[in-house]
Structure formats: structure tokens, C-alpha cells
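Okay, got some structures for you below.
Shared between the two complexes below is chain A, which has chain B as its partner in the first and chain C in the second.
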Partner chain A sequence: MSAVFLILRAGPLDPVAAILGQKQDPVMAHQIRLQLGIIRPDGSPVPLWEQYLEFMHGLITLNFGQSWVISRGTPVMDLIVARAPVTIWLGFWSVMIALLIGIPLGFYAGLNPNTSSDYLASFGGIVWRAMPNFWLAIILSSVLVSSQFFTESLFGVALSWREWLWDTGVIGGPPLDNLADPEQLFAAIKWIMPAAIVLGSSSMGNEMRIGRTAVLETINSNYVETARAKGLSGRIIVWKHVFRNALIPLVPIISGEAFLLVGGSVLVELVFGINGLGKLTFDAINSADLTMAGGILFIFAVFLQVMNIIQDFLYTLIDPRIGYEQS
Partner chain B sequence: MATPVSQTTTESPLLSVKNLQTSFFTDKETIRAVDRISFDIHRGETVGIVGESGSGKSVTARSIMGLVDSPGRIVGGSVQFSDVDTVERLAEEYPGQTIDLADIRAEHDPAALIEQLQSREADLSRLNGPGMADRDPVELVREGSVTMGDLVAGGYTDQLGITDEDAYIVRDADDGGFVDITGASEAAYRKIRGRGIAMIFQDPLTSLNPVYTVGNQIKEAIRLHQGLQGDEAHQEAIRLLEAVSIPDAHRRVDEYPHEFSGGMRQRAVIAMALACKPQLLICDEPTTALDVTIQAQILELLMEIQEERDLAIMFITHDMGVIAEIADQVNVMYSGELVEKAPVESVFGAPKHPYTQGLLESIPGRHPDEDRLRTIEGDVPTPNVKPTYCRFAPRCPKAFDACDVVHPVNVDVSEDVDDNHTAACLLYPEDLPESDAVEHHRKRGDGGDDQ
Partner chain C sequence: MTDNTGLSRRGFLKATGGAAAAVSVAGCIGSDDGGDSGGSQTPQKGGTLQLINSTMSTFDPVAADDTASGRVIQQLHDPLVNYPHGEVEVKNLLAKSVETNEDKTVYTFTLKDATFHNGDPVTASDVVYSLERVAGSPHSVRSDFILNSIGVTHDTDGDGNYQSGSLGVTAVDEKTVEMEIEQPFHAVLEVLAYSAFAIVPEGIVGSLSDEGSPDSPSSQYEEFATKQPVGAGPFQFDHWELQTEAAVNRFDDYHGEVAKVDDVLWHVIEDDSAAFNKAMGGEADIFEIPTAKFEKNSVSEDKTDDKNRVTGSYGPVRGKTLDYLKYPEVGTYYIAFNEQNVIKPVRQAVAYVFNQDDFVENTMKGRADPAYHLTPELIYPGGTEAAQKHAEQYPYSPGESDIESAKQVMQDAGFGPDNRYQLEFTHYESDTYSKLAKQLQQQLQGAFIDLSINQSKFQTLLQRGENGRNELYSLGWIADWPRPDNFMKLLYPPNTVTGDPASYTYLDWGQTDQSSAAGAARTAFETVESNLTPTQEAQDTRNAEYVKMEEANWEDAMIIPTHHSVTELFSYQDVHIPDKIGGMGFSRNKCNTIWKEQ
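And now, the complex of A and B:
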């Protein structure tokens, strides 16, 4: 977080200019600087180390201060809480897509190595993996926006993505206030899907490839051979002896996706116009809202730490060789 | 092949491998990893298979277990497993692929069948040796050298259209019949694996699944093959661990493989194999990864278990010392072929094949006054063509010109009548002059299916 502080505060960002915009009024500028607390009343700048102490104290007490630029005077925490749900919703579904499509596909390919379906899945995985988020996001959103033209020319039936099953927008974020209502729930899922697919695409390809390798490695291991020699059926061998072992190398891949999600959500939310944390980060940095950016980055950092801890716990659940108690 | 008629035991063997051939097909070449080998294993007997790395020992074991992975495939021969329980279980499950000898006996006369075969000029050498084509079928049947069982086992009834080619289960009320494992489907194989034939592998450190407890893996076999459930299975697992001398078994049963030492893991693997209640146990170098003291303990354990359960053991190793300790009967393999077959005393007392002699010479400590260990120069060649020469000739100190052009077959080299000692080398039979011996091999080698 110290590095974050240095980069933000010692960098070229000028929040005062961002607030003032075109009209450069020295009096107002002075007032704003005073308000933000980067100069003393006598006009001398507050030294960086003092700002640093204040910043760190704020982080530790979870008091991130108030937004400087984006929404002046609103506490940073309030903004984060308001924007977080849609990002969590997006992140959840992109992880789900990666897990529910990537891993089964990878396992399937690993169980049927060197068949045409394996080649298809592997090739698809590499393509998904290689497609850049921002590019895929733009293509997908433009295709969906004009979906009725595509479906009409291809299948002869005009099918608009907006109206298909549930009425939703293509861009923007879904309302999440009433998920208990199934109608709303499905609409919200459908609404987030394009963005989630884009965000999950690269991790999906990744999980597919790692899953395939892991299964191949496990299936050629001696204990699987021993299990076959015992006369176990192929189904039991795959479900019991192969899957759990193949999951072990996948754990760090899955938790590593957290990093991708944080970075990716900034781009994807921007392209799809979703008003979430990613977009907030982008805006905060763009408009030199230093307290805002610092607060969000702190939340991201905490999130990644938590993911790492969860990963370690998952290891102990899957692999008995890893444990915390001394034996 | 022309099996020597002198059989040490009159009892039919538990497992009879006949002309088994397993090849691996790659883009470049076809590797004949197991090249028409034949041997028998009787109940309560330990048959050792020795040879260098790459001589086809493990592929033989895998072929018997049906665990040959692609691109490998059994391309010929048969593996007849004569366990009554297995035959009955499979016959019940797959009646369509079962031949009941009693029915065939009732409908057909073996002599008439042989006559039919002779008139079709079928190759009868699989029956009981060459020269069958000229003999009187009635006489053959009367003297008992050909029975209906032989006709079925040799696949002649398939040729005549009496039995289905896909049928591989032969039921025989008299001596239990057999299952030709090579014909079994994967599902049928699963019924044979474990309960009929169990196998333990070379590396005990990786033979157990690291994420399940030892008990869990043993119970898996108990549930599958003994039908016990829950607490009964648990108690049985503890009992088995005790049977393989694991101390504190009731606590150990819930531990993971990584909490076991190497020797204990191999014991656990043995317990797991025993949980299947097998008739035949195939041990693929089970002691190679263990240190010498543990090795001795494991061998002792195997011998104890064998005595208790009248288990047949096929023991694969490259260690002649281990063979001396455990085996009754020894098969020496070289480059996919069986080159010498004898009781253990004969192999060590009077080895016939130069390769066996070389192996024995290579045991450290045999020549304490020499500075260097003796070795056999060179490597095992990859058996990628049909042999028309002796595969050992390039490394053989006794090779002569004929070795490059004549493929040796197994000939009787017994010093005792009961020895049943054979070797595939042009130097034998010893009582013939060299040129006649070579001629003998050439002639029998041309006889088609001969080994």
C-alpha cells in the first residue's frame, strides 16, 4: 500500500486541475487544495510523509476519507459499497462460467486424449485464452446489439438479444435489488452473461488446458493402474481416483483468476458500461481522485489476500499431504 | 508350440500362456514386445520371469492383466485361466460367449472332427505337436493325445463353425474349463482382474492414491470382491493389514499413504491385492524399489501368504538373487522371447542358454578375485522384425555363423526326465552334432506356429 501511495501521490496526477476543469482560478485552486489537505493555510505544501502517515492511519482504521473528485464529499467507503454488488455479480458469474465450462471440457479432453473432440476442445481453449478481453468485449457487444440482423440473415428469424426470454439491456449493469424474484434473477443473470463470458474467457481457456494436462498426468499414474488391476470400473476410477488428484494443480489456477478478474473487470466494465468497481477504479485514476483510487486498491489488495488464504485452505481439503497441525 | 509331453504335474495349470504375442504399433515400426511365448503356472507355484530391462517381462504381465495400453495390442496366442470360480462367474454373465464342452461332446465326435480338419488340410500343429496331419484321428483320440478340449482350446471348432469365434469361456464339468482372457471384453476383464488375477506393481511409493486413506483403498477392493460393507469391510481391512504384518493396524488403517514408509506401503499394496481374494498374484518387480532388508521381509511375507492361500505367484524381476529365493520355476526372457525355461535348481545348477549363463555370471560376488564385475556386453535389441535369427547372437560369446540365419526354437535340454528344462539356442540338443542341431531348429522353426 505504500507503493500505491507513492505512485498515486508522487505521480503526475493533479486532482485540483481535474476538479477545476478549464477555468484556472488561482483563488479557487487554493481553496480546493486547502480542502483536500495538501497545503497548509499559510500556503506551504503539506510534506509527503505527513500525508503518508494520514493515509496509512486511514487504511488501518478503514476510514478511507472522502472522494476528492468523482463525487466530492461522499465518503469513499459509501461509493465502494454502492458499486460493489454489480461487480461481485459479474465476478461470480465469470468464475462460474470458467469453472463450469472450462474444467469439464478440460477433463473431457484429458480423458479422451488425441481424439478429434480433444483437438477441438484444446484448440478452442487456446483461442479463448488468446482472445484479448477488450477486443472480445467490443465484438460481442456489437454483435448482441444488432443481434436481430444476424439471426435474420443466418436463420431467417429475427431474434433480438434484448427481448430474448427476458427483457434486458445489452450494456449497462442489471438491477440487483430483488434477486429473490426468479424473473428478476434470471433477467439479471442473462444481463450479466455477455460481460461474464468475456471476463471468464481467458481463465476458461486456462482451466481447460491445465485440467486436460492434470487428468492426463493422473490417468497415467501408478495408482490408477493399481486401481485398474483391482478390477474397479472405469467410472469409479475416473470419479474417485482421477478427479480429486487432477483438481490439485487446478486450485492455484482458479484462485489466480482473482487477479485476472480484478484487472479484467476494469476493462470489461468500461466496455459494457457497467457501473461497478472496475469502472470506478478507472474513473478515479483518470480524474486523479487519489483517496478514491487508494481506497479501491486497498480493497482489491485485501481481496487478493483473502483469495490466497482460501486457496491454502482448499489445498488442505483436497490434498491430505498438506495440513496445518504438526504430526 | 510343441509342448514337451512330459508334464511334471498331472494337474492342469491354473494359467496357461500359449504363443502369446503382444505388439506395439507406432508410425515407424512394430515392436514385438512379447513374441510368441508359452508357459504355465500351477496352483501354489511361484514362476519367476527374469530378464534385462526391455526384455518384455512387464508387457507379459500386462498382457495377462489386459492392461496393455494403446498403441499396444495382443495380436496372437491365448491366455487360458482355469479358475473354476472365474469360469462360472463369467459363464453366468456372458452365456452367449460360453462354450459348454458337455454339449459339444454330446453332438460331435472328436475323431470325426479331426478327420474333417485333415481333409481341409488345416494346420494341426497347435494340437499336440507337428506330424498330426498324417495320423489316424481315431487312434489319436483313443490314445488320449487329442481331446475335445484340445480341439476347442486350439480354436479348431471355431474353424469348423461349431463354436462361435467370439466365445472365449469354456465350461467343462470334468476339469472346470477355462477362460481365454485375451478374448474377454473390458467389462469381462474387470471381473477377472482382482478376484481372479491380482497384480502388484514395482513402485509402492506411487501405487497408492495419495488423497485417500490406505483403509479406504483396501476397503474398495473388499467391497468389490468380497461384498462386505461398512463396519465388516473395515474390520476385514484391519485384519488384512495385520496379515501383512503392519503394526498397530487399527490406527494405520485410517492413515494416508504418505504416512507409511516404503516397505509398509508395499505391504499395504499386497494387502490390497489380497483383499480381492485372487487365485494368481502377479508381482511386477515388487521389491526393486525397496532396500535389501525390507526386500527380504517382503519376499518372506509373499511366501507365507502363498502357503496360507495356495496362491500361484508370477514373479517378475531382474534380480537373480530374488529368483533363487522365491521361484520354483524360472522363465528367462530376452528381447520378447522366452529363451530358457526350467525349475529353479536347474537354472542355477546347469544353465543352458548362453544368456542365462551370462546373467548368472553378472551377479556381483560370483568371482571375488576379479577387479571388474562381469557383464553381458551390449544392450537388448528392440524386437521390431520377425526373428529369422537368434536375437541374442550379437552379444553371445558362443555365437557361430548359423546364429545369424536360423531362429532357434525351444528344445528340451533336461538332464533329468522330470526337469522339463528347455532352451532356445542352436547349441542344443547337445547330443546332435552342430549341423544337425541347426537343421533341427530350422525345420521346427519353419513349422509355422512354433515358438
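And now, the complex of A and C:
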């Protein structure tokens, strides 16, 4: 957090310039500096150490203050709370897509190595992995937005993605205030799906590849051979002996996807016009919005710690050899 | 080729001065609606007008300094006077009439019968309260406008802070307000037209001390600024979801023309391409198209009016044809020199090789107007036509890239193939300016100048400017109020001193060797400052001085204007904008006259 302060306040970034943009009106600049508390009413600058102490005091007491630049005067917490749901929704579905498609495909490929379906799945995995997020996002959003126009000129039938099944938008985030209503729930899922597919695509390919390797590794190990020699059925071998062991290398990969919420979503949120946390972080840092960046990075740091702890717990569930009691 | 198109448009305007006036009349009566082909022409009620906005921060008029909030505030709140449809001429809004005394220091406003959204009538005491908030609210970002720009009489404490309750605005009776100013000022109404001067119900957030500080606003203030703003505008507040959308709906008791559409809804989308996609999906009715997606050849222009506004159609884009409106804005972008760091022959050489017309036509895809004056054409003394006529006298080969003359100037100053000048161009991150820089670099080669390009963040550029380290740099200015003095203050040499926090740009003009041009600019601006009375006579004096200042700037080639910004609005054909938008921009337009076919 001290690094955040140093980079934003001691570096070349100036929140006042970011607020004013091209038009450097000295009177406005003075007034804004005064409101931000970086100068005193007589025009002398407030020393950095004083600003630093105030910043840290705010963080420690969980009083993040108000945004400096992005939405001046709005409490940082309000902005985070307003933006978090859609990012969590996006992150959740992109992880789900990776999990529900990537892992089964990987396992399938691993169980049937060197068959044509393995090649197809593996190749697909490589392609998904290699496809740049931003490119896929731009193509997908443009095509879906004008789906009627494109389908009409290609197939002669106007198919509207927006009206298909549930009436939703493409750009922007879905309303998430009433997910208990199944109609709204499905609409919200449909709305977020293109963005989630884009965001999940690379990790989907990742998981597929690692899943395949992990399965291959376990299936060729001695204990599986032993099990087979015992005469266990294929189903039991796969579910009891292979599956759980193959999951172990996947756990850090999956929990690592939590980082998607932080870093990877910036581009996807930008292209799909979703006002989420990723973009907020990017904007805050770029415009030297100290309070905003401080607050949001603080929360991210806590979130990532929690994810790491959950990951450790997951190990104990999957792999009985790992435990917390010393035997 | 492109030079020709640029010049021919100017020529065309000159030739059709009379016809253009007729077009503008057609615009006024509202029959001119861009490229509408067929469809109903009788305004219909109903529907939701969908627009795109960036992040809003507050709906308190005195606290907003961003365009995003301003767009919504414009619909919610009415000031005494405003810029109708963003035009640069001020009209009465909540005021029925405005009178001034003999020496132009007392303004008397008589109010219309108008109602706030909460049902209360708009009275003189509401005006007193609202203006007091502009001057003294801890949230106000425009106190300088009322206390210094307009100069309403007031008292200050020992530290120079405004003493609450001392503002020279008084309620004479229920419908009459008097405002006393310290000295006559010609743009009082232009400044009052700012949405910060909107009238809100008396006591809506309590007294000034009840409002809390920007760090910890009172709950009553927060309620007003973010949850339940009350004004007297054509729309009343509906909802605001931070980061997603904001909506207002029609106010049926509006004192003016009651809105046609039921609601106005703004989607918060900050990325240009995403906004374009949103619009393409039919989720925005009036929108802009980012330059990357813009096809110059898709525009078919129908008419150009005397304010250089173009209407026509655009498309087809993804199977649809759109209405098109292009309007010049009151803003100027420029490249400028620090006089301490760059000698005059070099400045002149740059001015010679730089070709405004070509830059605008090719680099900017025609999405700007070429600029020869710092003052935008719309507010230039005598108007667009006078500006274009005067621009013909531009001393550095207007409309062409004159490398020969540049070479000559440099040769005369003793430079040559073996004695080249090193010049650094610092521009802020912008596609257009980086193209401009490359072009200049190429052209200046022939004039014995090696241009090194330094693209930097705004902040860096400004910091370098303040430290006096810039040689050639880029910046811009957008009108606070649409009068030339607001631009000419950038050319007043004492306002250009680097290191002074009160300077407007970083020229250091006339600081070391008093050039005669710098002296002329100084005298001219001082004459303006001592002739601020809103009379025709004083205005004529000011106008003459403004032109002198522009010419002094030409002489020394301190600021080279590159372009005046224009905005191109695109709309679906079932959306009708009866009045063309003026130079103060669509963000200053009240949406009550726009209607949608149902």
C-alpha cells in the first residue's frame, strides 16, 4: 500500500491534471487541489509525509474516503460496491465455463490418448489458449450487436441475438438486482455469457491441456496398474483413482483464476462496456485517483489472501496425504 | 487536392452568405431535421430517449465540473438564462426579463411563473439561495465565476474567503431579484447561463454550514446531490445507478415547452468502441462515432448554414442510414512555443510548413475545422464570415505547406545544411497529434530543423510546461463563456509566465526581450480589461483589440492554432432533433424538444 502511495503521489501522475484534461484553468486547478487536500488554503503544498499518514490512517481504519478523479466526491466504498457484482458475476461464469468445459474435455482427451477425438480436443485447446482476449472480444461483440444484419446478409434470415430466448443487451452489464426471478436469472446469464466465454477461453484451454497431462500421468502410474491388475472396473479406476489425483495439479490453476477478476477482466470489461472492477482499477491508477486505487487494491489484496487460504483447504479435501495435523 | 476542398468550402461560404441566412431561418422554425426522409413530421409524445454518458458524480449544479454530470443536470435544472440548444447567444429561461441600470452594475431579473419538481413555485428567495450556494457552498466549484468573473459584490474575511450571506443578490419582491456587481462586465449573462447557476428550492440542503464538507457531506446534502435532486428543469429525476445508468422523466408542469419523450436514459459506457456497439445495437438514439469507425465517404452533406453547421445523412452502416449533424464548437487546439527556448525564425518556419487545411482534412478525416485564430470562428468579432476573411491575411501561407519560405527564414537566420536546429515537440498522448508530429518532422527536414518527438502524458507535459522546459508543445482551450476575451487571456503575456500557478499556458512571451508584438498584445488586452462595459461602443473597442492580439500572435508565431473542434452527432431516423445544436455543445442542450416516432 505504501508502494501504491509512492507510485501515485511521488510519480509523474497528477490527479488535478487528470480532472481538468486539456484545459488547464489555473483557478479551477487551485480549487481542486484545495478540495483534495494536497495544498493548504494559502497555496502551500501539504508535505507528502502528511498525505501519506492520512492515507494510511484511512486504510487501517477502513475509511477509504472519496474518489478523487473518477467520480469526484463519491465514497470509494460506494463505487466498489456498485461495480463489484457485475465483475463477480462475470468472473464466476468465466471460471464456470473453464471448469465445465475445459476439465471434462481434458479428462476425456487424457483417457483416450492419441485418438482423433483427442487430437481434435487438444488442438481446440491450443487454439483457445492462443486466441487473444481482446481480439475475440471485439469480434464477438461486433457480431452479436449486429447479429441481424450479419445473419441476413450471410444466410438470408435475420436472427437477433438480442431477442433470442430472453431479451437482453450485448454491451453493458446485466441488471443483477433480482436474480431470484428465474426469468431475470437466465437473462443475466445469457447477457454475460459472451464476455464470460472470452474471459474464460484462455484458461479453458489451459485447464484442458493440464487436465489431459494430469490424467495421462496418473493413468500410467503404478497404482493404477495395480488397481487394474486387481480387476477393478474401468469406471471405478477412473473415478476413484485417476480423477481425484489428476485434480491436484489443477487446483492451483483454478484458484489462480481468481486473478482473472483482477487483471484479466480489464480488456473484456472495456470492450463489452461493462463497468466493473477491472476497468475501475485501471482507470484509478491511470488517473492517479489515490483514494480509489488505494481502496480497491486493499480489497483485492484481502481477496487474494482469502483465495490462497481456500486453495490450501481444498488440497486437504482432495488429497488425504496433505493435512494440518502432524502425525 | 485536399487543400482545394478545404478552400472551396471556405469560398462556398463566402459566396453564399445570403443564402446561408435563409438556411438558418429554416433551422429556427424547426423544419430542418438533417436527412429525414419521409416518416411523420408532426412531433409525437412518448418513448425513451437513450443516450450514452460517462461516469456521473453528482446532480448538485454547483458541485459538478464534469460534462457527464452536466448532461443530466442540464435536464433537471434551469438557470435564469441559458444557451438554448447550446447556441452561443444567451436567452432568458427562468427569467422573464433582465434589466440593467445606467452604469450597468445592477441587474434586475423578473421571474417567470415556474414550478419546481416538488410543486413549489420558483421565487426570488430561491434565486438568492441558489446564487449564495454558488458563492459559498463548501461543495461549489464555481465560486470564482460569481465572485471574480462576474464580480458580484461581497465581503471577504481576513484570509480572502467569501463571507457567507454577504453576496450582493437581493429579493426585491416575490418575483424580482437584484444583483449588484463591482464593475460593469460584458459577459454577465453568458456566465450566468452556466448550469452551476441553476435555481434550486430555498433551503433544500439547509444553510451553507449545514452542507458538510466535501469529505463528509451531510446526509441532507447527499440526498439532494445523488438521490433526490429537485430543480425546475424540463425533466425530473427518476433514478441513478452508479456506474450503470441514470434516468429522468418528463415534468408536466414545466414552465417552457413540455418534453416530448417520456424519459431520457443515459447508459454509462466509457469506451468509444463499446459505445459505438451499444448504439449499433439500437440502444442509443443519438451518439457519436469514434474516428476509427468513421468513414468519411459515408457522409452525404445536404446543407451548410451560416454557423458552418452541416446536416445530412451517414451510412449505410450495418444496413442502416443515420441522420448526421456536424457543428463547430467553441474550442481551439494549438501547438505553441516557449519563447525562452525557441527563437523566432524557427517558430515562423514551423508556422510556414504547418498546413491547417491538410491536417484537418486528412489526418482528422475532416472532423474539425482548420484554425487560424485562437478565437473560434463562432465568437470571432463579426462572426464566422469575418473570421474566414481575416484568415486570408494569415502571414504563413494559409492552406499550403510552404517549405520554401520556411527554408528562407532559416537561411536568413544563419542556418543551413551543416548548421541545423534541434527542436523538441512534446505532445500529449493523442493519435492525431502523433500523426501531426511525424508530418512536421518530415516537412521541417527541408528547413534545416530536426524535430524530435516526445509523446507524454498530460501531467508530464504540464509539469514540463510549468518548469519552462517545453520547446514546442500541444494544448487546447474550451470556452468558459463564449466571448473572445475568454480565449485572448491566453495571449496576455503576463498570463503566460511559466512557474506562475496562475498562468494559462507556457509561452513565456515577452519575458526576456520585449518584442513589439508582445507589447502590442499586452496593451491590447489591457485596453480590453478597461472596456468591459456591455455597451456597443465598448464592444467595438474590444473587438478591435481582439483582432490586434490575434495579429500580434501571428507576428511572433507563439501559438499556432491547429484546429477548432467540431462534433458530429449521429441519430437514427426515427429520432428528430428539431433545433440544430450550437457551439456550446450537445451537453448544453435540453432534450425537451427532441421526439421519437412511436
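Note that in this section the second predicted complex is superposed on the first by the 309 of 327 C-alpha atoms of A that agree within 3 Å, B and C clash if a C-alpha of one lies under 4 Å from a C-alpha of the other, contacts with A are read in each partner's own complex, and residues count from 1 in each chain.
What we mean here is this: a residue touches a chain if its C-beta (ideal position, glycine included) is under 8 Å from a C-beta of that chain, and two chains touch if they have at least 3 such contacts.
Note that the coordinates shown come from a computational prediction; the quantities given were computed from them, not determined experimentally.
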{"item": "Partners on chain A (chain B, chain C) - clash or fit", "value": "fit"}
{"item": "Which of chain B and chain C A:Gln311 touches, first, second, both or neither", "value": "neither"}
{"item": "Touching partner for A:Asn112 - first (chain B), second (chain C), both, neither", "value": "neither"}
{"item": "Which superposed partner A:Ile138 touches (first chain B, second chain C, both, neither)", "value": "second"}
{"item": "Touching partner for A:Gln184 - first (chain B), second (chain C), both, neither", "value": "neither"}
{"item": "First, second, both or neither for A:Thr213, with chain B first and chain C second", "value": "neither"}
{"item": "Angular separation of chain B and chain C about chain A, which is computed from CA centres of the superposed model and rounded to the nearest 10 °", "value": "160"}
{"item": "Distance of closest approach, chain C and chain B, by C-alpha atoms in Å", "value": "48"}
{"item": "Chain B contact footprint on chain A (complex, rising order)", "value": "221-234, 236, 240-241, 244-245, 248, 318-321, 327"}
{"item": "Touching residues (chain side chain A, partner chain C) in the complex", "value": "12-14, 17-19, 21-32, 35, 37, 41-43, 65-67, 70-74, 78-79, 82-83, 138, 141-142, 145-146, 148-149, 152-153, 162, 169-173, 175, 270-273, 275, 279, 283, 288"}
{"item": "Residue numbers on chain B that touch chain A, as the complex places them", "value": "65, 67, 186, 190-195, 198-201, 203, 206-213, 220-221, 224-225, 256, 258-259, 269, 272-273, 276"}
{"item": "For the chain C and chain A complex, residues of the former touching the latter", "value": "55-58, 63, 65-66, 139, 141, 143-144, 148, 159, 161, 214-215, 217, 225-226, 241-244, 267-271, 273-275, 277-278, 280-281, 283, 318-319, 333, 428, 457-460, 462-463, 475-478, 480, 501-505"}
